[in-house]
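Presented sequentially are two complexes of chain A, the first with chain B as partner and the second with chain C.
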Partner chain A sequence: MSLGGKIAAARRLLFGDSARTFGTLSVVLLALLAVVPAKDYFREWRTYQKGYLRLVSKRSDATSLARRFEPGVQQVWLPELGVVDRCATCHVALKESSLADVKTQPFRPHPSIPHNLSDFGCAFCHRGQGAATTVEEAHRSTKSWEEPILPARYLESSCGQCHLDRPAGTPLLNQGRDTLAQYGCVRCHTIKTLGGVTLAGTDDPPSLAHIAEKTSREWIAAWLKNPQAYAASATMPNFQLPDEDIRDISAFLMAQSTPYRAGTAAETAPAAAAADAAAQQEGASLYGESFCASCHATQNAAGTLVGGTLGPELTRVGSKVKTAWLADWLRNPKVYDPETKMPHYRLDSKQIGLLLGFLGGKTDSDFLGNRHFDAAPKAEIEHGQKLVIERGCAACHDINGVKKPDDFAPELTLVGSRPLAKILFAPGVPETLPDYIAAKIRQPRSFGNALKMPQYTLAPQQVDGLVTALLAQTEGAQTVPARLRVAARRPSDYHAAGKAGQLIEDMSCFSCHTINGRGGDMAPELTWEGTSVQRAWLVNFLKNPNTLRPALIRRMPKFNVTDAEASTLADYIMTVYQTPAFDRDALDGAHFTAADGERGKELFYGKYACQSCHIVDPNQDKGYIGPTLTQVGVRLNAAWIFHWLKNAQSLRPGTLEPVWNMSDDDARAIAAFLMAQKTAPRAEAARK
Partner chain B sequence: MNRSGLAGMIAALALAVTGACGRHAAAPAELQPKAYGAAIVLVSGEKQVAGVGAALDQPVVVQVNDAKGAPVPGALVRLAAAGSVRFLPDRGLTGSDGQFTAGVSLGSSAGRYQIVASTAGGSGKRAEVRVEEIALGYRETLGQQINAIHCIRCHDSESTPERVSNHDNLKAQPHSFTEGAIMNSMSDAALVAMIGHGGAALNKSAEMPPYGNTLTPAEIDALVAFIRAVADPPYRPQGVFDASN
Partner chain C sequence: MANSLEARLTSLRDTRVWRSIFRSGSGATNLRRALAVQQNVFLHLASVKVRKRSLAFRVTWFLGTLTLGAFLILVLTGIPLMLYYHPSVPQAYADMNDLRFVVSAGVFLRNLHRWSAHAMVLLVFAHMFKVFYRGAYRPPREFNWVIGVVLLLITLFLSYTGYLLPWDQLAFWAITVGSNLISAVPVFGARIRFLLLGGHTVNANALLRFYVLHCVILPLAAVTFVAIHFWRIRKDGGIYSGESKRHE
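Coming up: the complex of A and B.
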């Protein structure tokens, strides 16, 4: 047979008819297809390395870049962290900051972070399969025991594997951890952070042991139906209960309630001030003067919430609380709830009456609807109790006759390492861990109607924060070496001693001020207040707080303290809250000369331009950030001012005052100028 | 190769292709426009700043208009962007007000993202509008946080209920960090010096305080990175080789 004949025969054999052609081509194609992955496996990273050398050859610093390039598989091995990463095999330029303009992966340098890349490797933060050397396996593998690379939006979660200290660079992680604590997540789910510390709730779910005194069964039912319809900012989730369950739970809650003043007769409630316009106006003024809005929000006409978040929203409070209860509460909230953050305001009966009238007017008839319950039969109450136990209400609330459940919901300590093989995905949820967690938070019941997890009302950013915080709960986080852990500031259970200590608790100073590590951040820290202020000023301020910081909307309320109380507090503060760093009387103002003051004034307005933030002369200065200094000479001590000007951060960490590091001479001169500011000059009318 | 060979080849290819694509959901039926517009304009949602990969706070809203500038309901709008930007949804018909609204999540690297919103005009012409968004990486986010504590009250003239601006109380008016015309004219070193030493040391207004003893060098660098990230027009460092890759 000629060569041509042989070819023709072969052609007939392989491509004789369409079936043969198809078969042959399929075999060839399959073989080709098998070659491709094999080829990839051996070659992919080589292609990138060649591409990198081509890329840098065009750049001005080509020689040094090429010299630093190391060919072959690059591996970081950190047994302590369980890291075996080969990412740098393809990501060859991670440490080449001169390539900052390169946008093509895998050649981009790593953005600068506060860590050395070689100390942590890559997969500890980015997850994915560090040891893989193909794009697909390293980034996208979702084989049941493996995890794909972490989407950038959740990257801060990796910081949370070592950090419990709220780094400024991880706002989403910090926010997520706050939400876990504020929305009661940690009351049902145990979450142990690195070092075994269990995350604690910072919300303050009310006790229901005396609820019948406070509100009506109708309100309880409307609230259970939809807490956010009562208060847009309510953190209580919606349990999506059927109406019969709501009926029975509300029946049980009313039935278990006991009087909270057992024994002592309730004081007679002052009558709510007549609901005329003038009384309403007076009540509104008192509400404003008492700075209730520093902690409580209300919706304005436009529907936006205005006010603080420390206490519950009051938009519809008139539809909720019973007048007698509210009167008692306003008289002294500690009687009903000794742990409440609400201060004891020492209001007189007239004031209570005004506030009752004002708050009582905040009603919303739509919210209660036309619910009306008759006395509940025993069976309904018993069923209600059963439901309360089933739903885990007592995980958050004190309820008579219901034990606080232990481990009501699954522990989430290791949720960030949960193997995908163990997860049942709801239909439509992409099969990755972050998507699973996000879906669980967004719509828990999409995973099954019988699930107990309630429906939360959260903004998308809050969900992102929660997912970030939960993704930080990895196995790696539990085993990071102690030297890498950055602990949270230890919670302090500081209590002031004696009579002053009782007053400080009674007026809930810690709700806003931090003293010795305990307390809130709404108002200035007071740990060394006694070094800072003069006693006479302090006594006066406690009795009649005026506003020191004009730019603040949250202000120190007037607690109506007696002379004796103000004096007790002032004595304690002046004696106990002293810095060990210097003596408050070390700089005697009597030694300041007029010349000192003049020089200080020049420095104040010239070299240091203090008037950009502070007002000394209200007719001329406008600074609106720091406290007004018109009478600072009767408020502060000279030694405090002197040291404050040198290094304010060392006296009150986190203050907005920059560290000036002033020379002794300058600090002394400005202290002299300020100590001479003793009376407030009258502001001319022009000033707004 | 004869025709049957070709057919087999195509069949096999088709098989391989469908095999490879089997993991992806079948593409939804293509949306058909009910009307065509002449122009597309941005309504809201540009120049937002968010962390890498994060969802923007506000959606992007665009509007399709006809030649006379009246809104066109039922026009098809598509959104596209380079990088791993995600849209929810990435296409749709304009509503009765001629507007189309989509949520946006930025890509995974820090920098600017150009979103192109386009609509097909009746005559086969395409109208488009570009929307710029800004993604912050770690350093820029840190800078943003520090700005919010120390700088914003003087440098931003806008007040919020929680934060009263101090801008108008100053004699030398500081600039907003988004003012590229000013910020871009300062080198990194000049910014670091201004922040660290304050205005007085540089013969500028002493109303700009020195932060060199308050913030660490890394924090000041983070502020510079943030200023660079938000400048408008964007900051283009000089003398840097632009790899056209």
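Coming up: the complex of A and C.
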């Protein structure tokens, strides 16, 4: 039979009449439908599960690994969090810590974290599509779902969806949140964190209401041109203003300024000390003795900043402030700014003169350049005021006649969930949310010259921190169940009462010490100081602070308090700052016997090796971690020492002192030994 | 053998049960055949008599029947899809992911529904072109042409409402753009948009409205108009099988 004949015969067989055609088509359809269960079965994840079994079959612990392996779609379902994650379908070994050496995905075990993986699922932290079981859909941005998985470097942001408590494991997030507060971001942008708490600024933008008395218009202009040229550590951003705008803004700021000593005549300013080398030297040592550098930084010859960050950098302060103002400020800073963190040092005129001479010498002729302004016409001042309102200067600074703007910049509470479809990307920026936020922080004006956001000077690390902190501002963070939220320590507005309270504010004790939840962390907490120390020592220390921890650069400065002031403070501290845990007078040092002391000494040097951190005998001991104990018998209270040795963490959480679990006898013996240490080391050294 | 089968069927048709259900009894007379069609709720929409030549492929290309087939597939696949679907935010998209990644034959079900929907739109257009170019819309069939136009609109609106239901980025923005187009309607534009979306943005209300439109209102309307459409074919003299001068 010819080929044509065969085809004709087959055609007759299959499509000969309508019944045959129907039958043939039915069989074809059935065959086609068989594709459905086949496709349903051979899914992508099956390949990975097979690959995993191949991988583990070559390992020594193959049987136990294979036994723990569960085939099929693996799912975490957490209705409360709205989590349906199937990532473990391919990432089968997330909980197999024995596979730590495996580097190929999707078989790597999850790094150890403080949470149970099954409590949160995957996409809550990693984003992407947890419900998907294909590589493309789960990890990348698709037409249906635009949120890809989060790059690993910003992963800490996910912790911030529940945590406001600065966990130790999220340094980048903590740093980013600090930057948001310290660089004034939150003064223009409202950022509500979980639980609806609005993030507050921790920077201290100065009031400009009396600025004409403090500095010159030329300095204002140079500062506006480039704040970082004046102080490398300045947090004020560069508004990239044209020179005419700078001229007008500085004119307005000078015009709106009012005298800050309205009514009272300024005290006659002490003349700055003669500019000779000896006076400079003396001023420098007074600057050092007063521990100004604990808060203020200066650039050294190599250009690195040395000093604290609590107060403004003083490298070029001589080019900025007027001498009369500085004298007034040094006499009592609270007159110019009642809210300042700077303590009232109670300096005498000679000391003020020395400091004026020393600080006045810190000039930089290049910074001001050859700027000179004549009196400004009214039009310039009015234009300046318009610019100040437009630029939102009053969001940070107090300025006469300009209201603090509300919601000056877009709210960022939900910026971490901002839909990409609503974002206009600048050319060259990869179209992902982290890249958008980073680009916006790095170069805000690249998104348009008319934008108001100024240019910040930030290290790459700071930008990463900010992106991390902002990515934590998700919709999920707003709806996290209350039981998962870890709140921040609530800020306290504690104030001490009465005359002592006034002194504490006047000397800005809270700038360094924390009492009852309020204050800084530069110096020891004083909440229970009254239980801890002896009154006589305290009075003496307030009048003339000596060094407790020789290893530290930052020390308590001398505030030149009078006897009466020291006594008022000591009375208040001894009466009010008491721990409720035990009675200060329960252990009377007079009952200690010499034998107690001897046994204590043995325990101190032997069993507990306290000399590793503390010094009792300056000729012998080398411990510099903890405070020197040569005079501890004069300083501390016996009951405090006893309880401190028992459990220091309960008295001052976070202290380096270990928890010893000492027996009462041991603690009592060491307390007896320490209470006997009453000699000043110098006196002892002199005796030898 | 054929005769005995015929005889059995005849005796079956004469049983009391058969007669109580179908009313028409056996018998090869034209009356019996006409009754069988006329007295059946489904068949009575069609003509009692159909000319053999109007059943030829070249006359209609079966486009109307194929459209009906696509519609039936859509109903049949739509019902199981409804079993897996919650018209709520954000569960709707989660259900979509379930269908795609864990439900057995879920992808098949979805794709069948989707491709049938595309096919139906295509077939409706093709059907209308065929009717138009063959001149089958002319009297006495002009009213049925109008019904056909209504059915076209219902089909398109079914497609449009179905597009939002997956609640993904594509759907969201398509409906956002689509509903913004509506507000370009003179005078009532903004109000129609508000009515359709149940608000000013594409949100949970819009999803629910689109769901009800897609699964209840529009299918019911479609069935109603299809019934009228078929019934009018019969009333207007059956399928138009080409110009015949014999009529005049």
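Note that the second predicted complex is superposed on the first by the 634 of 688 C-alpha atoms of A that agree within 3 Å, B and C clash if a C-alpha of one lies under 4 Å from a C-alpha of the other, contacts with A are read in each partner's own complex, and residues count from 1 in each chain.
Note that in this section contacts are C-beta pairs under 8 Å (C-beta built on N, C-alpha and C of every residue); 3 or more make two chains touch, one makes a residue touch a chain.
Not measured: the values here are computed from a predicted model.
Student: Counting residues of chain A in contact, which comes out ahead: chain B or chain C?
Tutor: Partner with more touched residues of chain A: B.
Student: Please indicate which partner A:Lys103 is in contact with in the superposed arrangement: first for chain B, second for chain C, both, or neither.
Tutor: first
Student: Thinking of the overlay built on chain A, is A:Asp17 touched by chain B (first), by chain C (second), by both, or by neither?
Tutor: first
Student: Can A:Ala132 be said to touch chain B (first), chain C (second), both, or neither?
Tutor: second
Student: Between chain B and chain C, whom does A:Arg86 touch in the aligned arrangement: first, second, both, or neither?
Tutor: After superposition on chain A, A:Arg86 lies in contact with chain C alone.
Student: Once the shared chain is lined up, is A:Ala152 touching chain B (first), chain C (second), both, or neither of them?
Tutor: first
Student: Starting from the residues of chain A touching chain B, keep only those that also touch chain C in the other complex, and list them.
Tutor: Common to the two interfaces on chain A: nothing.
Student: Give every residue of chain A touching chain C within the complex, in rising order.
Tutor: Against chain C, the touching part of chain A is residues 36-37, 39-40, 73, 75, 82, 84, 86, 129, 131-134, 137, 143-146, 421.
Student: Under the stated contact criterion, what part of chain A meets chain B in this complex?
Tutor: 15, 17-18, 21-26, 29, 33, 55, 58-60, 99-104, 107-108, 111-114, 151-156, 168-169, 171-172, 306, 460-461, 464, 550-551, 553, 606-609, 612-613, 622-625, 647, 649, 656, 658-661
Student: If you look only at chain C, which of its residues touch chain A in the complex?
Tutor: Contacts found on chain C: 90, 93-94, 96-98, 100-102, 104-105, 107-108, 166, 168-170, 173.
Student: Help me check something: in the complex, which residues belonging to chain B touch chain A?
Tutor: Residues in contact with chain A: 1-2, 4-5, 7-9, 11-13, 15-16, 51-55, 57, 105, 107-111, 137-139, 141-142, 145-146, 149-150, 153-154, 161-164, 166, 168-170, 199-200, 205-207, 209-211, 213-214, 218, 221-222, 240-243, 245.
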